[in-house]
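Look for subunit A in each of the two complexes below; its partner is subunit B in the first and subunit C in the second.
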Partner chain A sequence: MENKQQNKKQTLLFQQWKKNKDHVLLTNDFGGRIELSGKLFNELCDNPDNIPQQFFDNGFVSEMLDFGKLGLSWLNTHCNVCLSPTLHILVMTARCNMQCLYCQAGAPGRKKDMSLDMSLETAKKCVDFAFKTPSPVLNFEFQGGEPLLNWNVLSETVKYIRQKESESDKDVSISLISNFILMDEEKANFLLQNEVSICSSLDGPENVHKKNRHSENDISYNIVCKWLKYFNQKYDSQLGKAYKIFRPGAIITVTKNSIGHAKEIIDEYVSAGLESLYMRPVSQIGYAAVNWNSIGISPAEYISLYKEAINYVLTLNKKGVSIIEKACQIFCEKIFNVGSGGNYDLDSPCGAGTGQIAYNYDGNIYTCDEARMLAMEGDDLFRIGNVNDPVEKVLTADAVRACKYASELNSQPLCSRCAYKPYCGICPVFNYATQGSLFGNMATNFRCAVNKGQIDFIFELIKDKENEEILKKWIQR
Partner chain B sequence: MKQFDIVVSLENYSINAIRYAAYTQTNYAWVYLSFAEKALVNVHFVMKAGHDIETVKSAFLQELEDEKIREKSRAVNVAASIEIIKNAFKNINVSFLKEEKSVLTKKQELELDKLIEEVEKELQSEMELNKSDDIKHITKTWEETNGK
Partner chain C sequence: MDSEIEKNKKIFFSFDIYSEEALNLAAYIFEDRIKFSSSKKDNGAEFVFDNYSENDIRDFVNEALNQQCRIDLATVTGPLTRFIVTKALISGMGEGKNE
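The block that comes next holds the complex of A and B.
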């Protein structure tokens, strides 16, 4: 359809596209997404006089821009810039009772050094600090090392958070990431009664899990399965309880040992009663960098495994099995709903210091947990302060600003021209650790290759209507 | 090590376009730029192992063409984007930011207020001056000129 504005001087706002054989995917930062033939793309570029209406509607023409609508779309996808941290990660201890090959927490081999535990005094200061930040929503996440090694402080901190919550008007949630080795009925009951959601690591079937996650007497796999089942049963039987019980979650770290086991990994999750899985590739930082030869995986290997896994998940969905994959869900949320996806690592700019902050066991504060992990290796570049500092000083620290600038995709040469920019995010800490600068170079960046591969695949998948419908249902969950 | 050169004319492509197109190939080759002679840039590629010269060559030339398309609308796109984002910020509830204590000292705050006032006054008087012969609509916002 011709547009009534066609006689006016119009400029096509084409900045980011991806050419595939005979068609072009064109996007913009304001929710616009059009797939067109290569022929039409070339015709429009040569002669922008006869522009179809959809290009106006989606903000691709300099005239007739709907500033209100486009502005709102931008805000939906960039909301973390306007926030103060909602995710507050408390490292209860840097000690751990396992020795995973890919540990980024700097914990392996540090089992007995109690000076690596957070004191109750520091923990309370962390909580006070979080409550002083302006965000109306706070999510406290207990991490480690293995947080259950510092159970007394952890449980007292949970009580303290709930007490502070009752005195404030903030909306508070609490979660725990644990390997479950020290979990027992008493701890589990306490956590459930205090509405703490629980997450663990399950890398797949026993043989795969064991290779990645080393524990004394190799008990980890059985223990994780036992407690996931336990928390699942509690979730299913919560009717009539005075408190809310969350379904437990688990994450997978995909390593060389996962190759060839895509289907078994999914089956393992289904049989553990889990309805979602998050398949993150191992990162070449921390202890994983030391063990890279035995666990490292290339982006191409990861993507091939990822495709097999998602295809299998979709096959299961078609048979009525309820399971989703988290990364794919996040990308779909961004593609179909023009939303943020709720993952700070895939935001532009990323959530370092604005969406999340991490408190180390000693009260030092970092832009995020990855930054804190780097500090465990002796590099304090992303330290933004201490629990004793004023909130406004910490939240506006130089490292926060540097991370915003480096992860804003328009400041990246490749990203600013990439059709996947609205769906993607980069990590300054990862860039710094693997490429030596916060900006990195996306042409050779591991995470860029992975993200690109995943989004390529999703656009392939949604060419099939049935797949598209299923993936749209994932984002309603 | 396999190497090759492509000479690009600055009459056809901007130096920024050449620089960007070269950057896109850095996964496959080391790329060096130098001035060949007046208005010509020599792009020297030293291939990294396992990559093919012809693929890099054609990808580089394609990137140059693509960048030319982007350059046609970059300035307008930036102006439009700024306007849209400004509009987005109008919708944010910044009340919590106001509650935050300022990171500036009292003295710095007063200086800043004074500075803002001066700039506003200057802008106002310039606009008054231009209003009469505002042929190019420079006193109008982007939104007023280009909005629905």
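The block that comes next holds the complex of A and C.
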């Protein structure tokens, strides 16, 4: 398309577009976004004589590109391109005291085999390895299995991290993902005093949570609610404390059992005193693949539930209730702020091996936690080394390079021209586990359908100015 | 969708559309899922599928098309992808921070 303006030849750059009823959404890799009527879009395609100013401002005119400004925008939206690993996931044990229907960690049925615990020696080597990586920011995340089953090593590792932090110039944070069954006052105090942020799983009201997350005597629901309230109270009463207390978080895994309970799920979070929730559909990998017939959910079912949930959250927000949904917040950050959203899975290329790495209980290192979970199923394809290996060798392992190529969206047939490319990302491990190749096939890819459905919905929502204002406030939190 | 089991279904892939590389990649992905044999014939390859459902075979054909599109796309976007991936790997090593 060419346009004569000020005697200069000008070409409209329509990199990616999507027709949505009577509107067309145009986006570009610099985060530029224009929504216009189908009529105006057709006029500009046929006769680009009078290009509106916003096309110049947003990098849609090839002869008028401000490369300095656009380059910075591009980097802001592609955080994985300029990172070294910040997220270091330590699997304290592959054992678990629960038997969740969708467990991806390969933990169910492994309660007593102590050889599945990480030793203190290995844990310290993991920490040493992380401190040798170049990132000035390190986030250690303790996972499992259930990490509290290996409490002695966990607590000693926390102390070791804090000691290493005091000897370095790195900015360190620590988080724990736990089902709380083994939590007690003493452990809680230790975690709070060492500024460990806490996250758990709460799948909704008691009947839904119990169906998904099996525990001995069905105690999980009451225990999760009790400790979320406990940590919330500690957060609210931290004034005067010598250490910082974080608000606890929780994630929801949406399964077939969640259908029809969208509002109840949100209400459960509000009554637990939480101000955010993170919804994600169950993935057909690990133990969930075995139970897929009883818990599996289609992308359409998930999106339907997601819409109901977000609409309800917005209704609560309008009534003054403070709560947000994190997946929506991440997409909004990318759409409104031209930022990365801070999520390694929703970036191009993905953060496997460069934004995050996962250390299994035995000291083997994987590109990400999903890759480590796959290894628990017996497939070591994404193993990138061991804590005894040199950092340089691990960070440039074949699997890291393969993940980068496979998740770079310009190399994906359906993604390279997708209007949602600036907001989206793919997971090579998920593709490999569900479709047999790292590249996957987006035409039938579960996550692609879910991401598209969520972003479609957000663009539908922000046509309402009040909704748009509320969602913009979510980003500021 | 039809999911009846069929026997000896033959599908011909013309080399005018599908490269050998795309067919090999699709075959590699499906080797654990579908039993098949292949042979070169005229200007293409003939795949003979044995005892599998129409859905599986449709998925295979879809994957062959996906691989071919990816190969074709790489001729256009390959340099950009290589640049971005190289930058990501260099950054991962902690270099190029001040660029």
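As a working rule, the second predicted complex is superposed on the first by the 470 of 477 C-alpha atoms of A that agree within 3 Å, B and C clash if a C-alpha of one lies under 4 Å from a C-alpha of the other, contacts with A are read in each partner's own complex, and residues count from 1 in each chain.
Simple rule for what comes next: a residue touches a chain if its C-beta (ideal position, glycine included) is under 8 Å from a C-beta of that chain, and two chains touch if they have at least 3 such contacts.
Keep in mind that what you see is a predicted model, and the values were worked out from it rather than measured.
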- Message: If we overlay the two complexes on their shared chain A, which of subunit B and subunit C does A:Leu13 touch? Say first, second, both or neither.
- Response: first
- Task: Based on the superposed arrangement, let me know which partner A:Pro134 touches: subunit B (first), subunit C (second), both, or neither?
- Result: both
- Query: Where does A:Ala443 make contact in the superposed view: on subunit B (first), on subunit C (second), on both, or on neither?
  - Reply: both
- Message: With both complexes overlaid on chain A, does A:Pro349 touch subunit B (first), subunit C (second), both or neither?
- Response: second
- Message: Per the contact definition in the header, classify A:Thr396: touching subunit B only (first), subunit C only (second), both, or neither.
- Response: both
- Query: Of the partners subunit B and subunit C, which touch A:Ser411 in the superposed model: first, second, both, neither?
  - Reply: second
- Message: With both complexes superposed on chain A, which partner does A:Ser84 reach: first (subunit B), second (subunit C), both or neither?
- Response: both
- Who does A:Gly71 touch here: subunit B (first), subunit C (second), both, or neither? first
- Check subunit A for residues that touch subunit B in one structure and subunit C in the other, and list them. 78, 82, 84, 134-135, 392, 396, 413, 441, 443-444
- Task: Provide the residue numbers of subunit C that touch subunit A in the complex, in ascending order.
- Result: 25, 29-30, 32-33, 59, 62-63, 66, 69-70, 73-74, 77-78, 80-81, 84-85, 87-89, 91-97
- Listed in rising order, subunit A residues that touch subunit B in their complex are 11-15, 17, 29-30, 45, 59, 62-68, 70-72, 74-75, 78, 82, 84, 134-136, 390-393, 396, 413-414, 417, 441, 443-444
- Message: List the residues on subunit A that touch subunit C in their complex, please.
- Response: 78, 80-85, 133-135, 348-349, 353-354, 392, 395-396, 400-401, 404-405, 408, 410-413, 416, 435-437, 439, 441-444
- Contact residues on subunit B for subunit A in the complex? 20, 23-27, 66-67, 69-70, 72-74, 76-77, 80-81, 83-92, 94, 96-97, 99-103, 143, 146-148
